[in-house]
Amino acid sequence: MELANIFKYLYQSLANSGLPQVWVDIIALVAAGLIVFGVLAVIALFLVWWERKVSAHIQQRFGPMRTGWHGVLQTIADAIKLIQKEDITPTNVDRPVFYWAPIIAFVAAFLAYIAIPFGKGLIVSDLNIGILFIIAITTFTIISLLMAGWGSNNKYALLGGMRSAAQVVSYEVPMVVSILPIILFAGTLSMVEIVEAQAKIYQWFIFRVPFGPIAFIIYIIAGTAETNRTPFDLPEAEQELVAGFNVEYSGMKFAMFFLAEFVNMFTVCAIATTLFLGGWQGPFLPSWVWFLGKTLVLVFLLMWFRWTYPRLRVDQLMEFSWKFLVPLSFANLIIAGFMKHSKWFNW
Amino acid sequence: MTASKALRTEEFLVNMGPHHPSTHGVCRFLLTMDGEVVIKAVPYIGYLHRALEKICENRTYPQCLPVLDRFEYCTSMSCEYAFCLAVEKLAGIQAPERAEYLRIIMVELNRIASHLIWFGTTALDLGAITPFLYGFREREDILDLFEMTCGQRLTYNYIRIGGVSRDIPSQFIPKAKEFIDKFPSKIDDYVKLLNENPIWVVRNRNVGILPPELALSYGVSGPVLRGSGVKFDLRKDDPYSIYDRFEFDIPTGKYGDCYDRYLVRMAEMLQSTRIVKQALEQLPEGDIKAKVSPQFKPPKGEVYSRIENSRGEMGIYIQSPGDSKKPLRVKMRGGSYNHLQVMPEIVKGGKIADLVAVMASMDIIMPEVDR
Amino acid sequence: MKKLINGIKNLVIGLLTTGKHLGRHAITIQYPTQKWEMPERSRGIVVLLSDKETGELNCTTCLLCEKACPSSAIKIVYEKDEKGKRHLKDFIVDHGLCCFCGLCEEACNFSAIKLATKYEFSTYTKDDLLWHTNKLQEVGRDVPYEKVERKKPEAKPAAPQPTTATPSKPIAEKQSAKTGEAISPAEPEKNPELGEGAKPQEDK
Amino acid sequence: MDHTELTKYILEKFPGKIELLDTGKAEPFFKISADFLLDFCRSIHSDEKLFIDFLCNIGAVDTGKKFEVVYSVASVKNHIRFDFKLEQEYEGAEIDSIQEIWAGANWHEREVWELYGINIRNHGNLTRFLLPDDWNQGFPMRKNWDAPDFVRMPEQ
Amino acid sequence: MGLIKKVPVYIEKFPGGGILTTSLDYVLSQSRASSLWYLLFGTACCAIELMATGASRYDFDRLGMIFRASPRQSDLIIAAGTITKKMSPRLRLLYDQMSQPRYVIAMGGCTVKGGPFYYDSYSVEKGIDHIVPVDVYIPGCPPRPESLLEGCLTLQKKIKKEKIADWS
C-alpha cells in the first residue's frame, strides 16, 4: 500500500511511452503539483469541518449536523456558497494590493509542500535545502497579511496587518532557532534525510532529552503564533478588531484567506511531524498514514489550545517572544551544541 | 509600542461601534489612538434609547412591568422587583411572606444568570470561547426554572405589585435544589479554566484600575465598587425586603483592577446560591399576592427606591400624581450608566485590548444606559 | 521559576478541563427532530380558546384584555345590539406588537384568551402576523386548558392587607399612618365595561 | 441615623432654607430653592455627620405646570439616604451643575438638558447623546411634546 | 457573480442543459441555504436569545450557521433587538456592506413593528422593513431559541426555492 510505488509505476509508464524526457518531467511535475494541491484542498476543507466538530464537542454541542452525515458536506457547502457570493471591492482600497493579497496568501500556503515528505518517497522535490526553503516560504504569508491590512484602507484591517507583521517577525526567531538543534544533529537541511535520521522511535528528536522536547514546545508555540491562532490570534481578534486584516474581504477572496489559514496550520504541524516526530517513520501501516496521523494529532492539539485559552495582549505577546522564547531557544541551541560535541553523549 | 520622541507619530481616530462585537450591544467609542495605545476614549450612547420612561408615563402601573422587563433584560426580575418595591412603598402595600421569599429566590437566581452572561461574554471578549458556552449551559438550567414558573425565558413579568403572579409549580423546589447543589462544581470548572490561567491573569491584572475615590465620585456601585475595595452592598447596608434574614458574605477586591472585579463576581455567584438555598429552606406557605386591582391609583407622593442589582444600584424614582392610574414620572437609574461614564478615565493610556477587557469587566449593558 | 511551573500547570489544567468535556455527551436538542418539552405555563403565541363541546369561542367581548394589554396589541371589533349587549365581530391580535407578557390571560375572566405553548410561526410578510378571529381560534383549538369561570372581581378597594405577620419589620412600617389611609380609595370602582361584560353569563 | 434624626439634623443645619415635603415616602424628601443648590450640595458633601459621597440619581419631572429636578443622594459611609428637589418655571429653566461635587452628575445633567430642555450652568459638555445627532423636534419628555410620527397609546 | 448568472444561459443551449441547470440550481441553492453565516448584530433583549441559540443547548452551528463579525463575510443579518432611529442608518449601512446574495431576519416584535415600543416612544423605528428588505419575520418578545431556529429553517426553505435566473 505504499503510494510511492503507484506514482513510480505511473512515472515509469509515462517515461516508456516515448515522449521526450523534458515533456515527461514537465507533465510529472504538473501532475504532482495538482495532486498536492488537490490533497491539500481536501485536507483544508476537512480541517475546517473537523475544527468545528472538535470545538462543538468540547463545548458539549454537535456542530454541523444537517448537511450530509454529521455535516461532512458542510465545508463544501460553505465553499460553494463563498464562490457564489458577490466579490466586493470597496471604493477606497488600494486595488492591486487588495487584489493580490489573498492570492499570495493562498499560493504561499501551498508552496511549502514542495519540500515536505508525505511518505516514503512521496515528495514533490527533495530539495537539499528543504527546511530553509520551507521557512522562507511560510514567511510569505505575513507579506500577504500586511498587504491585506494596508490595501483594505480600513483602520481595523491596518491594525490587524501591523499586529500580524510584528507577531510573525518576532516569532520567526524562536521558531528557526528551535529548529537549529535538529539540523545540528541530523547534519542536513534536506527534509527526507532529517526523517531518515529518526528511524527508531528513540531517535525521534522529541525524545532526545533535554533539547528535543524543549525545542518541540518552542516550535509548537511559535507555530501557533505563526498561524494566528488563539491564544495568539491577535491579527483577527474578533472582539478587538472586528475581523482584523480580512475585515473588508468577501466571497472568494475571503475563502482564500480562510483556506490558507487552515493549510498553514497543517503546514506547521507537518513540519513539526517531520522534524520532531519522525515524519513518516512507523511500523505496520503505510508511511503516508503515519505522516497524516501524526500531523492530525498535532492539529488536534492546536485546536485544543484554541478552544481552551484566552487571547494575549499585543505587548505581552511580544514580551513573551523576546523575553522568554528567544533566550530559551538560544540556551537550548547551546545545550544541543554542547551535547553534540561531547563524546559521552552521542546518539 | 510607545513611540519614541524622535519618531514622529500620528494619532488617528478609530470609531469603535455601535456595531462592534465587544461593545455588548450598541455602545460607540470614538478612540484617539497612537498605534495600539488609546489616548482618549469618548463614549457615545443612545443607540438603544427606546424612551422607556416616556412609555411608562403612559401606562398604568401593572402595565409598566412588561416595559420594565426590557429596561435591563439580563436581570428582568430585579427591574420588576425594584419597581414593585417602589410602588409598594408609595402605596403602603405589604407583600405576603411567601411572595417575599419567592421574589428573593427569583432575583438571586436571576443574578446568577446575569453573572453567567457576564462570565461568558467577558471570556469571549478576551478570546476564550469555550467558557462562554459553559456559562450559557448553566444559564439554561436557571431559565428552565423561570420558564416553569412564569412561562418566559427572558422577560418574565413575574414579580407584581403586591406579590408575585403565580405560585411555583411542584417540581420547582427539587429542581432548584438540584441546581444549587451542582452549581458550585460547575463554578469549579470555570475557576480551573480561567482563574489561574497565566494568560487570563496577565490580561486582567493591573488593567483598568479604578481607585475607590474616583469610583464613588462617579457613582459607581455594585460589583465594580466592591472590586475597588469598598464594602458596600445594599442587601446588607440598606436591607430591603427580607434580606436581613439571610446569611451571606460580601466579597470585595483589593486593587480595583479587572481581575478583582472578576473575582468579586465569581464569588458573588456562590453567595447567591447560598441565599437561594436558605430561602428555599425557609420558604413558608401562604398567599402569594396581596390584592391589588389592575386599575389601582396610588396616593400622591414620590419615592426613590433602590435595590442591589447584578450591575450595581438599580433605582426607580416614581412620582404619582394621586388621581391617576398612570405615574407622572418614572425615572430609572441603572448601574451601567455610571460605569460607562467612568470608563474614559480608566482606559486612558491602555491598549485597545485593555479597553475591551475593562468594558467586559464593568459588565456594561446598553439598555440600562440608554433606557 | 515557581511562577513558570505554576503557570504551565494551570495551562495544563485548563486543557484537561476542556478535554474532560470532550468526552461528555452533548446537551444539544436537535430542534426540528427533537423538541424541548415546553412547560405548560410557557407563554408562546396568543390564541383564542373555544368551548370544548360547542366549539364556540369563550370570548364574551368584555374588552378586559384589550384594556389590560400594555402594548395595545389586541383590538376587538364588536357591535352592540339594541339591548346593549356586545357581539364579537373581529378579534385582532397583532403579534408584531405583542410583548407576550400574559396580562391579557390574567385579565380574562372566562378563559377565552391564552398564551399557548406554541411558537413556530415565522412568516414571510409582516401582515401574516396580524391574526384575526378565525386564525386565533384555529390555532387555539387543540390547546388544553381548564375552564375557570372566575367570579366577578368584587368592587372592593384593594386595601393593603398585611396578610401574614412578618417577623422582621415590614416595609410598610416605614410609612406614616396617613399614607395607609390615603390608599383606600384605590379602585376597581365603577368600571362600566367590566360590569357589563360580566353580566350576560353567556348562553352556553 | 434613622429617618427622624436625619430629618431633624438637616432641618436644623439649614434653617429656613430647606423645607420638608410630605409627598416623600420611605425616605425624607426636601425642597430647596434653585440658587441654594450648589451651597447645599457642598455642605452635605463635606459635613462630617452626613458625608453624602454618592449621587444616586438626578431626574427631572414635568408636572404639567413646572419642572422639578429631583436629586437622590446617599452616603456609602454612613448608610443614609434622602432626596431633595427644586422647582423651575417652564420659561428659562436653568440650574447649576453639581459636577464639581459629584463627577457622575455629568451625564445625568446632560440628559436633563437633552430631554427636558432645562439649561445647566457651567456644564461644559451640553451635547446630544441619547437622541440622534440631527434631532430637531424639541424636548421629547415634556408633557405637551408632540411630533408627526409620535403615536400615542389609544385611550381605553 | 455576474459570471455565474450567465452560466445557465449558456448551458441551456446544449442538449440536456435544462437538467444540468436544474441540478446546478439545486446544488447552489442548497449550499447557500445550509451555510448561512450571520452577522453578529444584536442590540437588545433578542441578542441574549440569539446568544443562547448559539450556545450549547440549541446550537446554531448544527444548521451550518456561524457568526461573522464583519458584514462583508456574512449572508444574513438577524436583526435582534430594537432598532432606534439613531441606529437605523447603521443597520442600512451594514446591510449595504454585505455582499449579494443577502438575507434579513427580523427577530422579535421590535423589528417587526416596534413591538411594545410602538406606542408612546419617540425614538423607536416602527419596523425595520422601512430600512432594509426583510425575508422572514419571527414573532416573540423575545422569540424562544426554537422560534429563531424555526425562522432560520423558514428562510432556508425560501432560499432553496430560489433560482440563479432570479438573481438581481
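What to note about this one:
Letters A, B, C, D and E mark the chains in the order given here, with residues in each chain numbered from 1 onward.
The definition used in the following text is that a residue touches a chain if its C-beta (ideal position, glycine included) is under 8 Å from a C-beta of that chain, and two chains touch if they have at least 3 such contacts.
Everything numeric in this text was worked out from a predicted model, so none of it was measured.
Identification of common neighbours of chain A and chain E yields B, C.
By the document's definition of touch, common neighbours of chain A and chain B comprise C, E. Highest C-beta contact pair count among chain pairs: B-C. Chain B has the Cα centre that lies closest to the mean of all protein Cα atoms in view.
Chain D and chain E have centres, each the mean of its CA atoms, that are 45 Å apart. Rounded to a whole number, the gap between the C-alpha centres of chain C and chain D is 37 angstrom. Separation between the centroids of chain B and chain D, computed from CA atoms only, is 24 Å.
Rounded to whole angstrom, the centroid-to-centroid distance between chain A and chain C, based on C-alpha atoms, equals 56 Å.
Contact with two or more other chains is made by residues 11, 14, 17-18, 21, 26-28, 30, 70-72, 99-100, 174-175, 179 of chain C.
Among the residues of chain B, those touching two or more other chains are numbered 20-21, 46, 49, 51, 54, 58-59, 66-67, 89, 92, 130, 133-134, 137, 155, 193-194, 197, 199, 300-301.
Annotation for chain E: residues 56-57, 59, 62, 69, 86, 116-120, 122-123, 141, 144 touch two or more other chains. Partner chain C is touched in their complex by these residues of chain E: 56-59, 62, 109, 112-119, 127, 129, 134-141, 143-144, 146-147, 149-151, 153-154, 158. Across the interface of their complex, chain A is touched by residues 1, 12, 14, 20-22, 35-36, 123-130, 133-134, 137, 193-194, 197, 199-200, 202-203, 351-354, 356 of chain B.
Interface residues of chain C, counted against chain E in their complex, comprise 26-32, 35-36, 44-45, 70-72, 94-100, 119-126, 128-129. Touching chain B in their complex are the following residues of chain E: 40-45, 47-49, 51-52, 55-57, 69, 81-82, 84, 86-87, 90, 94, 116-117, 119-124, 141-142, 144. Within the complex formed with chain C, the chain A residues making contact are 54, 56-62, 65, 304-305, 307-309.
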